[in-house]
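The chains carry the letters A, B, C and D, assigned in the order they are written, with residues numbered from 1 in each.
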Amino acid sequence: MSRPYSTGELLAVLLSRDLQDGETGAAGAAALIPMAAILLARASHAPNMQIAGEMFVNPYPKVLSSSMLDDRALGKCEAAETFVELFGHSHRGLDFFFHSGLQYDQYGNVNLHCIGPWDRPQVRGPGAANFSYAIRSRRFYICALDHSPRSFVERVDFLTIPGNLSGPESRRAAGLTHQGPRYVLTPFCVFDFDEVTLKMRLMSLHPGVTLDEVVSRTGFAFDTRADLSETKTPTDDELHLLRTIVDPGGSLKSIN
Amino acid sequence: MSRPYSTGELLAVLLSRDLQDGETGAAGAAALIPMAAILLARASHAPNMQIAGEMFVNPYPKVLSSSMLDDRALGKCEAAETFVELFGHSHRGLDFFFHSGLQYDQYGNVNLHCIGPWDRPQVRGPGAANFSYAIRSRRFYICALDHSPRSFVERVDFLTIPGNLSGPESRRAAGLTHQGPRYVLTPFCVFDFDEVTLKMRLMSLHPGVTLDEVVSRTGFAFDTRADLSETKTPTDDELHLLRTIVDPGGSLKSIN
Amino acid sequence: MFPDPVAQPHPQRRSKAVDVADIGRVIAEALADGGSVCIGGLLKQGRPVALVREVIRAGRKGLKLFSSPASGYDVDLLIAAGCVAETYLPVVTLEHRFCPFFRDAVERNTIKAHAVDALTVVGGLMATTNGVPYQPVTAWAGSDVIDLNPLIARTTCPFDGTPLFAVQAIRPDVALIHAQEADEFGNIRHLSTMTYADALIARASRTVIVSVDRIVPAEKILADPTGTTIPGFYVDHVVQIPFGAHPTASFPNYSVDEEFIDAFADIGDAVRKDPNRRDAVEAYLDRHVRDPRDPFDYLDAVGGYRRLSALEDEARFI
Amino acid sequence: MFPDPVAQPHPQRRSKAVDVADIGRVIAEALADGGSVCIGGLLKQGRPVALVREVIRAGRKGLKLFSSPASGYDVDLLIAAGCVAETYLPVVTLEHRFCPFFRDAVERNTIKAHAVDALTVVGGLMATTNGVPYQPVTAWAGSDVIDLNPLIARTTCPFDGTPLFAVQAIRPDVALIHAQEADEFGNIRHLSTMTYADALIARASRTVIVSVDRIVPAEKILADPTGTTIPGFYVDHVVQIPFGAHPTASFPNYSVDEEFIDAFADIGDAVRKDPNRRDAVEAYLDRHVRDPRDPFDYLDAVGGYRRLSALEDEARFI
């Protein structure tokens, strides 16, 4: 592509813009893009960002690593916690968290466990360490690098991370009171969720991507926002900060 | 007195002899004599004594202090814990603990709360941080420096530390399965507890003390062991260890 | 929807450090009459006594007091000043003697001193930090403390039906804590061996105010993250107050001022025996709490550098 | 009745240090077929892989596996060797790829991989350390993990009747943990920034076996008691095993051997697609687990000093 940024950089920038100053959030293992987003937000408009909820507080990594749960990635940080404190964080919730998985459905539920039946799956996935952040945090983001009919399905085979379940009534019945999934970011587009149906809704297309392309990659029917727009691409300032402060090693560049 | 040891030294030595190698135990605040007993046991026959259950592990104090919960008293130690870990210890219990109080009754119950009625006491005491060690530890010792009819009463006004409650039936009903109070040490004598009635029973008289003296100081009737003996006083070896290793500052000498 | 970021100079991270001259206002704003306050430290160590004096200076009344399971001088001072309505304190003692004002207030029935134990307070704070409504407790039997304890209920184990107890989550309005070091972002370091329930209290409380002996550069925190005992995001305000724990200790920096505590207890015992001597209490509170304009003034009033350096020496040579 | 102490030379304190040559026997004695084992560390860090290899060498079968909430290589190795009957593991992953033996075993239904999450395992271990039969959990809703979780029950809050969950206490037979330092009395020091669930696992387990990079003089522990992450009285055996976490990391001493892990996963993926290649697994297990007479032999087999010093360099220069 002739774009001056990679998909990884685009998604990190998009996510970073939605993180507010003073918020507390975290990314789990295998979360290069979310971690970059948090660090970029902190380096730009959100200097009071608190990176906490895993087993460390406010890291200053020297390199952007694929997992933040790794001393290679941690660099300096302000404090260490343990899984006991994580238990409390999981109950009290964060402002934001991130998830990705094997499958995503139209209600923003995520499957990390299995494709096919639980008892005899065709594919057994890794499972999820912690789905409570999805329930207790104020919102979460889905960052899906594989956008295909295989991964964007009508109904997840196994519901690991609760998103909007089967819609408003089911959320009420389960006692889910927070926003749940806020945006779904893929290499092709951004979805938000319809306020009434709580289903995925196309919000913006990345430059050069057509609606038909997203339709063909998505295994369920979805609505489109009346104000469907082109995704606002990274500014020079954002890319500069990202490449000099957040990801000097260029890990995001290889994500396309 | 012409005795070559103080009451404090005598009681510390007596207690130390009953602590076994490899056991885990602790003393709380205001526990000079129990702490000396533990340290003496460790310095003599019990090198694998684990001093734990409060907020530190295996201290090596430079001075014997009135409270072990004090950095002045702690000296070096092997680890620090907090009240969260103490919560767990309190449930799982120790091998031994020590208690003293405002009042003691014939069943070895201890009152640390009030003399007179709870709602309008004549004397309000300090309360007890933790009575669970009395229940969950394998045994505990009562170390009573005030042996008088005012403190040794038929029935405690307030039952803070459960000893043998009202006897075997009450212990069963409350689900108490450990030994509870093992010995009561005073400046005049040692009581154990009758295996059947679970009441205090005179076991030995300190040198020079008469049965009448103990009777007159005790506010309830008590049995006497058939083999009532004179308390076995500290050996030279014990006093030497006590004075050189455990209490070089001589804090125990002033307790008479 | 993702906005274009507005081009602007990047803002700076906010400091949580409060000037010592403003700490009274901060405490007055955080704690209302009738509010609940939880005090860190233990007995004569690491108690945030300077912050407690600010509570008195703010004139707070009707407080509900929580603490790590063993408390003494500071609680007695709050009671002496008439700030307290209820206590949830397992132990109130000066160790070698009773707390006279606590004793007197309970005996005269002017405060409600609830019967609780360490597991009540610690378990209740644990429940809050764990984000659950209660903590199961099984280690209770036989004591009158259970029957009078207002914070517990009986329940059964959902797996085997065994009867057990529950202590309800405790969420104090304000935590007052003292430690040795912090950075301006509220990352706290205890240098003492024991840290009592301080981290637990900080995690469980709505507003957390910490006094420290020294505010240190943030680089010092980053150089040793495992030394941080309370991460900054649990802390609302941090203030450097020299000898802020006096007359209790702040190990390893300074030791307990036992004489000072005894002098206070002597007044308390005298007043307990003769209520006509109440003016001695007011004189004490004036001199040590109300009159000093700031903590430096207080330190002059309690003996100045001569006394304080002796307490530093004691901590160093123990 | 207080005996006269027998005059005798005072005995010495016992060491908990095990010679590396004896650790296999110690593990074999502590862990029976069908027993439960809980593994410390996290993902590719601080996993006690040398101890895990001893479990395989001992020929253990039918094990129930617990771990800190995220596990990978070592769990996959145990499954590859046929030691495992059931897993209670929230996540099993190599992060950049799946764990092939775990995946294969579940897909072929040769192990029972229970649906649990971090709060199940952590809450269950917390209940044991707290000495209570269960831990309340309220942060669950909507996930299929709840409905399939064998360790939880529904209950209600005894204070207000709100429905909530309980996870039952988890008490593993054996904990296997790796840390950087210990003294001979089993006082453990992690030098890594994160310590995961290691202290919790040690407190919750019946028998605790810890491998360390170095056994250090007891004086080093006494000089910094707040650096002790697991007090010795929770620990049964401690053993110095050079590179005992390999191929996972032991920060700050050495980093992850990613290539080594990938080579294993490549074998696993090949066998998963073609079960006739099972001999490749046996060859791997022979070479890296069964044949080395001791951990030094193992280190030679995985690349000797050349490879290991590169891992030390990586940890130092990160």
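Structural remarks
We take it that contacts are C-beta pairs under 8 Å (C-beta built on N, C-alpha and C of every residue); 3 or more make two chains touch, one makes a residue touch a chain.
Because the structure is predicted, anything quoted here is derived from the model rather than measured.
Averaged C-alpha coordinates give centres for chain A and chain D that are 30 Å from one another. One finds 40 Å separating the Cα centroids of chain A and chain C. The mean-CA centres of chain A and chain B are about 59 angstrom from one another, to the nearest whole unit. Residues of chain C in contact with at least two other chains: 126, 130-132, 137-139, 193, 225-226.
The multi-chain contact residues of chain A, meaning those touching 2 or more other chains, are 56, 77, 80, 87, 90-91, 136. Taken together, the touching pairs give a contact graph of some other shape, not a line, ring, star or complete one. Chain pairs that touch one another: A-C, A-D, B-C, B-D, C-D.
Listing the residues of chain A that touch chain C in their complex gives 14, 17-18, 21, 24, 43-45, 47-48, 50, 52, 56-58, 60, 76-81, 85, 87-92, 136, 190, 192, 203-204, 231-232, 235, 237-238. Contacts from chain C toward chain D in the complex involve residues 126-127, 130-139, 153-155, 157-160, 162, 164, 166, 168, 190, 193, 225-227. Interface of chain D with chain A (complex): residues 42-45, 68-70, 89-93, 95-96, 98-99, 102-103, 106-107, 109, 113, 115, 117-119, 122-123, 126, 137-145, 148, 192-197, 199-200, 249, 251-252, 255-256, 314-315, 318.
Touching chain B in their complex are the following residues of chain D: 1-5, 7-8, 10-14, 129-132, 183, 185, 187, 203, 218, 221-223, 225-226, 228, 230-233. Only residues 29-30, 55-56, 62-63, 66-67, 69-72, 74-75, 77, 80, 82-84, 86-87, 90-91, 93, 113-114, 118-132, 135-136, 158-162, 165, 170-171, 174-176 of chain B touch chain C when the two sit together in their complex.
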